[in-house]
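Just dropping this structure here.
The first chain written gets the first letter, and so on, giving A, B, C and D; residue counts start at 1 in each chain.
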């Protein structure tokens, strides 16, 4: 691969090492970034803030050569560059730890750490040297417990994330980018990463740090940049802005308008009741009730068991213990088929729409019908008339913007794709709706529609359990918020008790005083 | 290994030398009883089954019984590497003689060398080897080809047919008998004046396969003036019938069904010749092996005469049986060698003891 | 313990082979003798090479339906070229292997630049290979050098003896004189070709592609080159099988059935050897072991008297049982979504 | 060519190209026969019907194979499923012959399905194992040749007789085709096959019983192989070893040439039909031309590669 931008001599921190001017990025219709100017100086720890879909990952993907900008120019050490691949960026000293891990599950830790330029003897990969290298790098991040010979697939998510970091360090970065690299880490690891960043800063390395956790940001960074809906709002030094200002910057002034008004808390008949639900070591006795017409939010940091809870309720997990009562129906469904059918009528809008929610190459119509063939069939035969009607209804109800219902769903924008997933489940006329981060990577306009829809569905008397990584959403949409920590629900917030501070505090399981 | 000696050999009426210049071989006498193995290759047509049954029956024959201490039959399938392995394994296991149907005409140099080293008598038959280093037993395949083709040609000439398409049904590819017969057949048609187009199909010596490929050939080519086929002759007849193809001269092997047919329809133009490659060859080969172990002088190439029967020579109950099933080979016995197990007799046994 | 868990499948196969083979030798009248070892070795070489060849496409997450055909093709080539003066013989061998590698290379190019699935592309190229084999050898035959045949299909002693390299009875030589040449060839090539390949960046990339192609790209690995290299090496290994088959039978035979059988057996061997059909995990040595297991099973039928008519059934059941062992993992899966990855 | 087809749905492009190629084959073949014999048998209805009759065996096998390929799986047990069905049918004989044959197909399909869907063993190896077990069973059953291997009159009727001058086999093939088409396009089972083939996980999360779908598809493949076996035995008047072997690879080839994605999720049954006809015609033209086996193999292989490359260039869909 060709080197772009000559090897970097460590230079005084003042001149921006990376400089983006007028960068825009479009994905089939969606605007991910718009005319962004952004600079990053060596020796700084720079936080990038913004709600989901603000364009943070896109930005750093461009910086690290994964994506090419639709417009604009990028300079590294003063030289204009066009990275055609991550390795080119790495050669220029820009190394990224991606939100979606880039490890090879079947290869060993050592192999992965040195994957792009392994140490060699006589042209062959030198296993021992590679292992020593891995040991050193792992030691730097206090991960002596990880065996360099272990396979990635045998490691826990948090260990993998640490290996990602070790791998990145191995590339001698000038600019180290962490995209929510801490989301899955144990608190101990988080600490390690903190003072790692500290040391890197001392060595004059720039760290770009994407996080949804204000307190982390506050603790680590000297510089903050806020993004909203694909544009760079402002960059400032730590302390120049108050947390509340920052949040407003992220969410936008019209934050209130974004959400439908929350009805006054009323007594509701319990529709879904969960009693000390346990599974493996991820769910440790969850207790929760959701009333008819109620939207209950699931909060907390990523990976505290929220997803597992939803999957368990939907019959995907095996060996779940505890009691679940859905309306009249008691018992844990044994499969999604069982969950959606019968009296329980549960629906799940899964986490990853591209791999779990949709069959991308299939037509919009087929995707809409995937959960309700029975509804449009007489016996085994699908009734074309019913089929058409159902599809038309689904598209109308969510105002999905499409050309023809026969087009592959892949051709739709992310937001409309997500609408298809939701519409698919509304067709089954569910009584309980489980939502797993339904607005992830969806633009603000669509988000608004979805919030409205959720409220309407609740008002129709359905029970909604809503997991989101985005505080603002939870605050804006939910009647009640159950914050999960380490596989259990520690705090439930209702009415005026609902505030970002309260959520963050509960998420970190610390009392409000220290919360950002 | 064997010495090359000068003839004559023992029991010439049974172990007839191939030709005048066939050389003779002699192993140093071992005293019996002997360990004897049959290593078959391809399984999956009636002929081989009948051959295996004959072998087992003959091993029980009073003339042989007390000369054989151990008797084993294996079928290795068509993979040469495996067949060679099996033969070598039996040599290692200390067998005295191994009778085999080779899956290919060459490639046996190594096992021959080993056999000689260990004084094991290796006797290929039916599909024999292109070598004179071992004692072999067979009918004259080239001659079989000639006779088949010549008979068919004579019939055509009688009808005044001088040109046209001839369907040749071949056997299992890669085996020596298939090759030699085909050479014989094609030679005759080339030497004949007429312009003949020989269409070849592969029937694997099996009725079902043959029927399928002949039917397909008829579908593609329409009419044939005559059919010359190796084992699987019943399939030829069946296919002609199904396609409503006019009866034409047909040459084939000695399946009972085939003989029934040419006996029955010769009047309608199905002028047939049936030459039997006898499954009983295995018995002759076994006998030859034992005789060699006893130290007798043996011809290197033992010739068993071609049992020819044309449509006008067939007699029900004698050389075919209208009351018996189609799928056995009528020619099985060879009295000059004391092989008296007839086709009907061997097929009367139930299948279960085919092993 | 980690190592053990990673190579569970391979170690299991190894153990299985050991048990099967040792028992076999105890039961064999001349067990543990050079003669038996030599015979077994000869019978195993071709399929073992073909199984190793199949390993590479499988590691990529694909399948090569042409390995058997390439073996047959190269065997036919060898049956024409491998004879005459020593120089000619050496040239013939080199040419044979070159043909195999070239054919594999062609597979790779078609698959990479034609954006075709390996399984279907090789289904077609396999037919082409057989066609060429039939052109070269319409009838079985050919005269591969007889001494070569003898020298390479026996123990080292015979090799030395055949070519009169030195006194084969020399005392120092005896400790190794018994070793079968076919085994030396098999393991020699496995060691000289496979081990370095696995340690090369290209080899590493092959594993990476099969493991997670996206991540492999993200890590800037040479994906296309590795694919083509893998198929080329596959063709080469298949041709090693072909060359040996030709030498062993001192002839060539464009046997279509045999080609098909070797291809299917190679898949079974690869799986038995612990390589995942999903790609990314396993290795050629495992496949070699898998092939040995397949063959050893059939050895038994010559010493134990099992009704020959039951032999294929027993072979089939053993195979099915062996490959079904992998299922135990799935039954333990607690999150069913993991079943789909 | 790409431009010409650019407005056509990607999944239909292969079908059109293949159809076009069929015409090419017919023209080349006819040109040949005209120049040699001065006749054009390829264009005579009688000839075409005979070819379709021969093609029906492959056609029915391919139809079943398509079901599993749509799932991204494959059924390598077809050869001996076909043979076993035929042998069992003839062995039982009488009126129960055909039902017995079909039952064999259903059972084998069920076993395959269970192994793939529940034990989650890759179909590639599991069906391979099942194939060798079936072979073992048949060898044991027949002792190397069928004890009672004559096809029943009804089987003969289905495969060999003509009705209204049209071979029955063609009617059977047509019937199978109609059923498959309906299943794929009009039933929830059919839709579930596509869904599962594209993303089993997403299908499962939509509440589709993916395991039952997998089992169902394999049973259809098994039963199709069985029908083909029963017909072939009728056509050959008997069941015989290895009767199924010549159908495995051509069936896969036909399905893929018809534009079905070997990784599953995409493909139309018409395509498979076209693919089958293409292969059958190609073979018969080659044998009319007296092409030696060597040439046939080379041409056969080259045609497949060639066509897939043409498809590939037009669409990113890799077959």
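As a convention for this text, contacts are C-beta pairs under 8 Å (C-beta built on N, C-alpha and C of every residue); 3 or more make two chains touch, one makes a residue touch a chain.
Keep in mind that this is a model prediction, so the values were computed, not measured.
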Would you say B-C or B-D is joined by more C-beta pairs in contact? B-C
Let me have the rounded angstrom distance from the C-alpha centre of chain B over to the C-alpha centre of chain C, please. 35
Centroid of chain A to centroid of chain B, CA atoms only: how many Å? 75
Chain centre separation in whole Å, for chain D relative to chain C (CA means): 31
Using the touch rule from the top of the page, what residues of chain C touch 2 or more other chains? 254, 257, 309, 336-337
Chain A residues touching 2+ other chains are 316, 335, 356
Give me the residues of chain B that touch two or more other chains. 75, 354-355
Determine which chains touch and list them pairwise. A-C, A-D, B-C, B-D, C-D
As the complex stands, chain B meets chain C at residues 72-75, 77-82, 84-86, 88-90, 92-94, 104-110, 113, 130, 173-174, 179, 354-355
Which of the residues in chain C come into contact with chain A in the complex? 2-3, 5-6, 196, 199-201, 204, 207-208, 210-212, 214-221, 276, 280-281, 333-337
Residues of chain A touching chain C in their complex? 1, 66, 85-88, 90, 98, 101-107, 111, 115-116, 118, 120, 123-125, 127, 147, 149-151, 154, 279-280, 311, 316-319, 335, 356
Residue ranges of chain A touching chain D (in the complex, touch as defined): 314, 316, 335-337, 339-341, 348, 350, 355-362, 366, 369-371, 373-374, 377, 380-382, 384, 424, 428
Using the touch rule from the top, collect the residues of chain D that touch chain C in their complex. 74, 76, 115, 119-122, 124-126, 128-137, 139-140, 143-144, 199-201, 204-205, 245, 249, 252-253, 256, 262-263, 292-302, 304-305, 308-309, 312, 316, 318-319
